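Labels A, B, C, D, E and F are assigned to the chains in the order they are written; within every chain, residues are numbered from 1.
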Amino acid sequence: MKIFSGTANPELAREICKRLSIKQGKCQIKKFANDNILVKIEENVREKDVFIIQPSCFPVNEGLVELLIMIDALKHASARRVTAVLPYYPYVRSDKKDQPRISITARLIADLLEAAGADRVLTMNLHSPQIQGFFRIPTDNLLAAPIIISHFKKKKIENGIVVSPDAGSAKLAESYARKLGFPLAIMDKRRLGDTDRVTVLNIVGDVKGKRAIVFDDEIATGGSLIETAQTLIKHGVKEICACAVHGVLCGDAITNLQESIIKEVVVTNTVRIGKEKMFPKLSVLSVADLFAKAIERIHKGQSVSTLFSNHLEFAK
Amino acid sequence: MKIFSGTANPELAREICKRLSIKQGKCQIKKFANDNILVKIEENVREKDVFIIQPSCFPVNEGLVELLIMIDALKHASARRVTAVLPYYPYVRSDKKDQPRISITARLIADLLEAAGADRVLTMNLHSPQIQGFFRIPTDNLLAAPIIISHFKKKKIENGIVVSPDAGSAKLAESYARKLGFPLAIMDKRRLGDTDRVTVLNIVGDVKGKRAIVFDDEIATGGSLIETAQTLIKHGVKEICACAVHGVLCGDAITNLQESIIKEVVVTNTVRIGKEKMFPKLSVLSVADLFAKAIERIHKGQSVSTLFSNHLEFAK
Amino acid sequence: MKIFSGTANPELAREICKRLSIKQGKCQIKKFANDNILVKIEENVREKDVFIIQPSCFPVNEGLVELLIMIDALKHASARRVTAVLPYYPYVRSDKKDQPRISITARLIADLLEAAGADRVLTMNLHSPQIQGFFRIPTDNLLAAPIIISHFKKKKIENGIVVSPDAGSAKLAESYARKLGFPLAIMDKRRLGDTDRVTVLNIVGDVKGKRAIVFDDEIATGGSLIETAQTLIKHGVKEICACAVHGVLCGDAITNLQESIIKEVVVTNTVRIGKEKMFPKLSVLSVADLFAKAIERIHKGQSVSTLFSNHLEFAK
Amino acid sequence: MKIFSGTANPELAREICKRLSIKQGKCQIKKFANDNILVKIEENVREKDVFIIQPSCFPVNEGLVELLIMIDALKHASARRVTAVLPYYPYVRSDKKDQPRISITARLIADLLEAAGADRVLTMNLHSPQIQGFFRIPTDNLLAAPIIISHFKKKKIENGIVVSPDAGSAKLAESYARKLGFPLAIMDKRRLGDTDRVTVLNIVGDVKGKRAIVFDDEIATGGSLIETAQTLIKHGVKEICACAVHGVLCGDAITNLQESIIKEVVVTNTVRIGKEKMFPKLSVLSVADLFAKAIERIHKGQSVSTLFSNHLEFAK
Amino acid sequence: MKIFSGTANPELAREICKRLSIKQGKCQIKKFANDNILVKIEENVREKDVFIIQPSCFPVNEGLVELLIMIDALKHASARRVTAVLPYYPYVRSDKKDQPRISITARLIADLLEAAGADRVLTMNLHSPQIQGFFRIPTDNLLAAPIIISHFKKKKIENGIVVSPDAGSAKLAESYARKLGFPLAIMDKRRLGDTDRVTVLNIVGDVKGKRAIVFDDEIATGGSLIETAQTLIKHGVKEICACAVHGVLCGDAITNLQESIIKEVVVTNTVRIGKEKMFPKLSVLSVADLFAKAIERIHKGQSVSTLFSNHLEFAK
Amino acid sequence: MKIFSGTANPELAREICKRLSIKQGKCQIKKFANDNILVKIEENVREKDVFIIQPSCFPVNEGLVELLIMIDALKHASARRVTAVLPYYPYVRSDKKDQPRISITARLIADLLEAAGADRVLTMNLHSPQIQGFFRIPTDNLLAAPIIISHFKKKKIENGIVVSPDAGSAKLAESYARKLGFPLAIMDKRRLGDTDRVTVLNIVGDVKGKRAIVFDDEIATGGSLIETAQTLIKHGVKEICACAVHGVLCGDAITNLQESIIKEVVVTNTVRIGKEKMFPKLSVLSVADLFAKAIERIHKGQSVSTLFSNHLEFAK
């Protein structure tokens, strides 16, 4: 078994290797003056079981092309099996044709990974579980639920309520609500056009006097999250936590979230969160241990679903 | 252009052909004593643009194999292009891996259609829009929304509310709510295991004194729908309509729905509803005109999305 | 190594597992109210060498779709290799285009099996040996000849003759004739159209006073077999046995054969023959031992052809 | 439409072009000193419907590689569609695995043609009709029966009998027998091992005093045919004609057949029969007209099966 | 016919459309806050013959992913044929495995283009002509030679010599030498490692007193070109021109070239050269007319090679 | 591990097996009277790691088809992995489209090998290193440089010069020059048309009084090599050696080279050089040891590039 890391999230790769007590594979990745990437695998990988850790982080497209080149280099270097480990899957939200003549890019990414020679994919909390169906190769979709639920259970929140930021996330929120034993509320909000601007209309459910936890699969600019928080406060919510698996945190997310009325923002380290991105309200939970176990189990041919078998409702 | 029909929904095929003023393609489909299907295309189809109409109806697997054989026969008979017209897509709900070691069968169907030689797919209201990403071949996913919205608008329902039967359908329900100008409520209900038995827990939103319309993408046994209706009545709803695109109506659905407190059940004819399945409370809206237009536009290379461009929110 | 069984012939699967002293793999197969099949593999199969036993039995198309779903579920559950064990191959007689614009469905089945993810196929006595060429994946076509020849040798039939029921089966019959040391006769019979009705014209060869064994690869309704028997009797044959590898026995086969002038009907258990299908004149030879040995040899990388190396003339 | 010819049977290509009143496509085919073939298409073929005429003739493997290179050159020169016209299909008799660990080479050829880029295949009288199932691309298998039947009907043979040279060809012989209104006899002969040496054992059927026509799909060395003839004479046959679609005529076939007791040898020109191969007893029927019509119909999208619709029994 | 442009070289696309008197296809390309690209084709393209103009320009990987998404969007929008027009092919120099365990990325790009759905490729002056063999889809590799030769012929340079900057470019330089009627000299120079640093060793051939034109296929940083120029001056060359098809001009190329002893730098506009990149010594020849003609000929099914038939020696 | 040999170069296969102390795999290859090849693998190869040694030798196309049939037979006999060992790659010089509408046959060969089922390719000194990019399967391209350099170093040639026979081979010649510490000269020669006739124009570089070694990748008829030698002598060269990896030696090569002014001709045994081809001036270096080591390393999953890691400049 060999584990290589692209340039997307080296800290996560390091942490995973550490937990597996394995030395990270040597590999030179550099850019020529003409903006072309060169990947050179610097140790023998013939007949090896190879994993490449490369979540979708800024800059997204550079990271994607780098990953494809790494896979190609490893396959032509005769690796027996190459598993693309994508803790945050690229273009995960482009998973449907909700406008005419657009690309279902999450599916295109699956095609490109297969074309480059990937044999397996290991990912986490896909935006929609259907995305697993975009692949012909075997995939494992880990769930961060055990880590997140455990984080909130320790806090012993009283009088809590789980809030879904929109109707599309209601199912996910419902799963958290059930696990935490909290009621559910849903923002009845409308996205207008393709832009990130949203208009909150109403809250379905009774939130008054409650401590709200807003769950989503990812936080990007945090704009709609802050609007949700403001609406909740207007409706009498006492305290607001926000939680998402993937902390994309782009645009002015960091400043805006820190200055918002949200008390705590919880994400995992699937997306790289460098020091410059840390802010006081942010808690980062590590998925390294879960990925390390999954990689070990894949390598040894053991069941992976046992790692989250008590949380399968999150896969629905 | 040639249109053939399998044995799944001949009435719909007839209606579509009629609206296109086209004679249906001749094709013999029979079963040998050994349960093997024989398909014989009985007119020349070389270089023709062929459409096969075969939604998923009872018996589902027979219809599926019949469709695959028809596609194979047409391709090897040198049809230029074969479009599988699946108004109700087979195994549409098996679109994710929500238990370990199950098949994403909706994806498998896509693979089988491509393996048999289908060049395009034309379908309607997929259970999740991501299913379009299961295909490498071009697909068109029509929306029944214009037909359904128009049906309910004519009724001029006052004091209405749209009810989502579970958190997973909240997004769809929200789209109907918006189009009809009604508020939204959501059943916070839990499916236990793989069975069809459900346990309603709560209603999120205020339904008292309202006229409720429960929207879902399909009605199978109607069991959970009737439970939803009962819960709504307990919470003070005045009147209940149920509406779904696909009227699967299996098991004791017909008796149960007719005898239930639901006032009207509205479906379309994507799934064949023979005379034996009709009951007084049932309204069946025809999608034949929409499919006829889509087929014509595909054949002529015109835009299909214009047929439902005002209802793209239903594709989200 | 793991062996799973679909619902087609569980007795055969049980017998094979028993001879291999292996516990059958656990797997839930059920049908939802909407006629959709759910397959759930209930034990870990990662990196395992998996065999699925599923001959083509009634209902043929249900069994086929079930098999495809099982293969898909196993491949996506990361089985290392999936071998479809099809003791009776589906649509085996649809192996040529003997009418315009029909499907070579036996070839389509091969494509579907590969599309679903099968890595190998193990089958028995294909209707024509060319069908092996329909596959890109490795296949093994076992021959039941050793079992059948041994059965008839034990009987020490005197003054025997082997009869081919039509010109197309002459080669097969000739192989049996040679092995048993009997002369050969051929029915010069004509099928009219696609139906099962036939018109016997003549017997080529001298059958008078002989004990005839009519060999074919399968017995379906038995209709043409009984007509053959009647013609043979008219031409002075003393006694008639009928033998085929695959006992499809559909329609009124059981009643008709029992009541016919045929003395013994010999088949194997490739197709499931439940208690309700048993009748006094029927002898069922088991192929379980042969399949058990073949599966073991495939798993261990040993030669399979040695299992029938003395009967290769039957493969011609 | 453009028609190109390889070097295998230029006379046939010329004849086909003449009947279609079309100028043959210009194309340079040469061999370098290092035995490598160079194919250069010498006119623009972009978006053209191209046919390449190249039956399997001596030297077989040279002709095959030449064909593959021609297809590749034409596809990369942007031909819209390339149809490989193979009046005699290469390795047509290697269509089954009748010994362990051999190649079903007729299937391999199908794969190679598809890999090189062929879009269709047009061929004639495949050794077994199952070979059509080796292809994923559409194929047309013409039948020479109308030409051959017409030849023999004109002769008004009295007291004729059709003889199948072995049990495997009984079906084909039976079709000729039916069409000519003659009885049928079958040689019960055994091939020993892989060699061409055969041992005739017996004649099934009554041939005494008859005028026999021995039908096969091809004549290679003619060795077994001459043995058949000798046996027939011994059994009292008065006169023998031999007929086959494909006149491979290799080894000493010409001398041996001319000097044999066979009265007439009838073949078609699917395989090139140069002047050096002609001998007095040989009649060569031309298939050029049939191929010309088939090519025209394929090009225009008209039914091809109508060209032999009265002889479909030969396809069984 | 429809022509779309990505964001790589909009000026070239505009120029090509203008010469074809065709309106450029409407298409929205934008980036979300999370760095994901959205491509939305804004006009109907069903059954259209579509060309996308997107050479490899800075930022290379963004442009590549954008192109793949455009192709995917167009194919799923049912475009009949999508031609990727890549005047400068991405990763064109990564065309061999000259170190262990690297990717032949130019080949990977070909695979990705095919996986995304491209039907054809139109490109120019590939670094090595073998790269055409990386594709299974038809490709056209235009040659800029007619444009470049014509530019230098007009200058009527006396006493000229063509200089190859290294042994690997000797063949290309020889072709220019022949066409211009000049002698040839070659720099015997060595690249050390993967870096762009080179060490000139010697000049093969007699350059003294000559006017040198240094030809290469692309100019990147210009570093080695300037070293070549300095060495040439040391060996008595009077005047130096540098010419390349692809003006990549990265790093400090602009300043360094302008300040160098080189008199004129000639490139084409395959790579976008914005105003900020223009400098007095730079001459930019337009390839728009050649591409416009090629696109028109591809669309109409006319020969493309006639556009450079007098310069085929440059393809060797 | 099993090693099989086709009929192309049995001596090389024998030598490789000897160095690996392995018994050569048993395999019957014969030709039927009808010119069809039969390959029969005569030992069990299930789950084995199989290598087939078959360089491109006279007759080239026979050898190629034989190789494809062997691969097919081995794959369908369930070999785990089949590596085609092609010390001299077929059609290696047909690697580009230097004329309109020709085939890039070296790429076609790659496609055919993959279609037949090859899992890997092991070859040597491809005419251009880009050919490795023609494959999707892993390939290893060995370099004969260590063997050749060592041969010439032992000779301690004084006052040597390396001569490239044309501009296209300048890079290869430069690599030899560097390794031997000799200067470089290049023949500025022009091939006219497709023929082997060439016209030498000039020598770039100073050759007077030197001992020249002319390097090329292969020697075919030797015609242009002898012209080069004559020109060199005219320009004052004292002594000429010619060296190439692949000794194709076709046409009158043997006589012409022996009678020429060339002192020594050095080739390897990648191409079979039977006794009838040996001549006094010819030295044949064996590559068997290198191939034996490479095969062993591939089988054991060890690095292959270490076998020529000091000569990677030859791969550029």
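Everything below uses one rule, namely that a contact is a pair of C-beta atoms (placed from the backbone, for glycine too) under 8 Å apart; a residue touches a chain by one contact, two chains touch by 3 or more.
Quick caveat, the model's predicted, so the values are computed rather than measured.
J.: Over the chains that touch one another, what is the least number of steps taking chain B to chain F?
T.: Contact-graph shortest path, chain B to chain F, evaluates to 2.
J.: When the C-alpha atoms of chain A and chain D are each averaged to a single point, how far apart are the two points in Å?
T.: About 62 Å separates the centre of chain A from that of chain D.
J.: Between chain B and chain D, what is the separation of their C-alpha centroids in Å?
T.: Spacing between the chain centres: roughly 51 Å.
J.: Per the centroid of Cα atoms for each chain, what is the distance between chain C and chain D, given in Å?
T.: 32
J.: Counting only residues that touch at least 2 other chains, which ones in chain C make the list?
T.: Answer for chain C, listing residues that touch two or more other chains: 76-77, 97, 99-101, 104, 111, 303.
J.: Treating touching as the only link between chains, describe the layout with one word: line, ring, star, complete or other.
T.: If you draw each chain as a dot and join those that touch, the picture is no line, ring, star or complete graph.
J.: Okay, what are all the chain pairs that touch?
T.: Result for touching pairs of chains: A-B, A-C, A-E, A-F, B-C, B-D, B-E, C-D, C-F, D-E, D-F, E-F.
J.: Report the residues of chain E in contact with chain F in the complex, numbered from low to high.
T.: Residue list for chain E touching chain F: 95-101, 104, 106-107, 111, 128-134, 136, 141, 164, 166-168, 170-171, 173-174, 177-178, 183-186, 188, 190-191, 202, 204-205, 303, 305, 309, 312, 315-316.
J.: Note which residues of chain A are touching chain E in the complex, please.
T.: Touch list, chain A to chain E: 30, 32-42, 45, 58-62, 64-66, 68-70, 72-74, 76-77, 90-91, 93-94, 97, 99-105, 108, 111-112, 114-116, 194, 196, 220-221, 248, 250-251.
J.: Touching residues of chain A toward chain C in the complex: what are they?
T.: For this pair, the touching residues of chain A are 120, 138-139, 297-298, 301-304.
J.: Over in the complex, which chain B residues touch chain D? Could you list them?
T.: 44, 46-48, 75-78, 80
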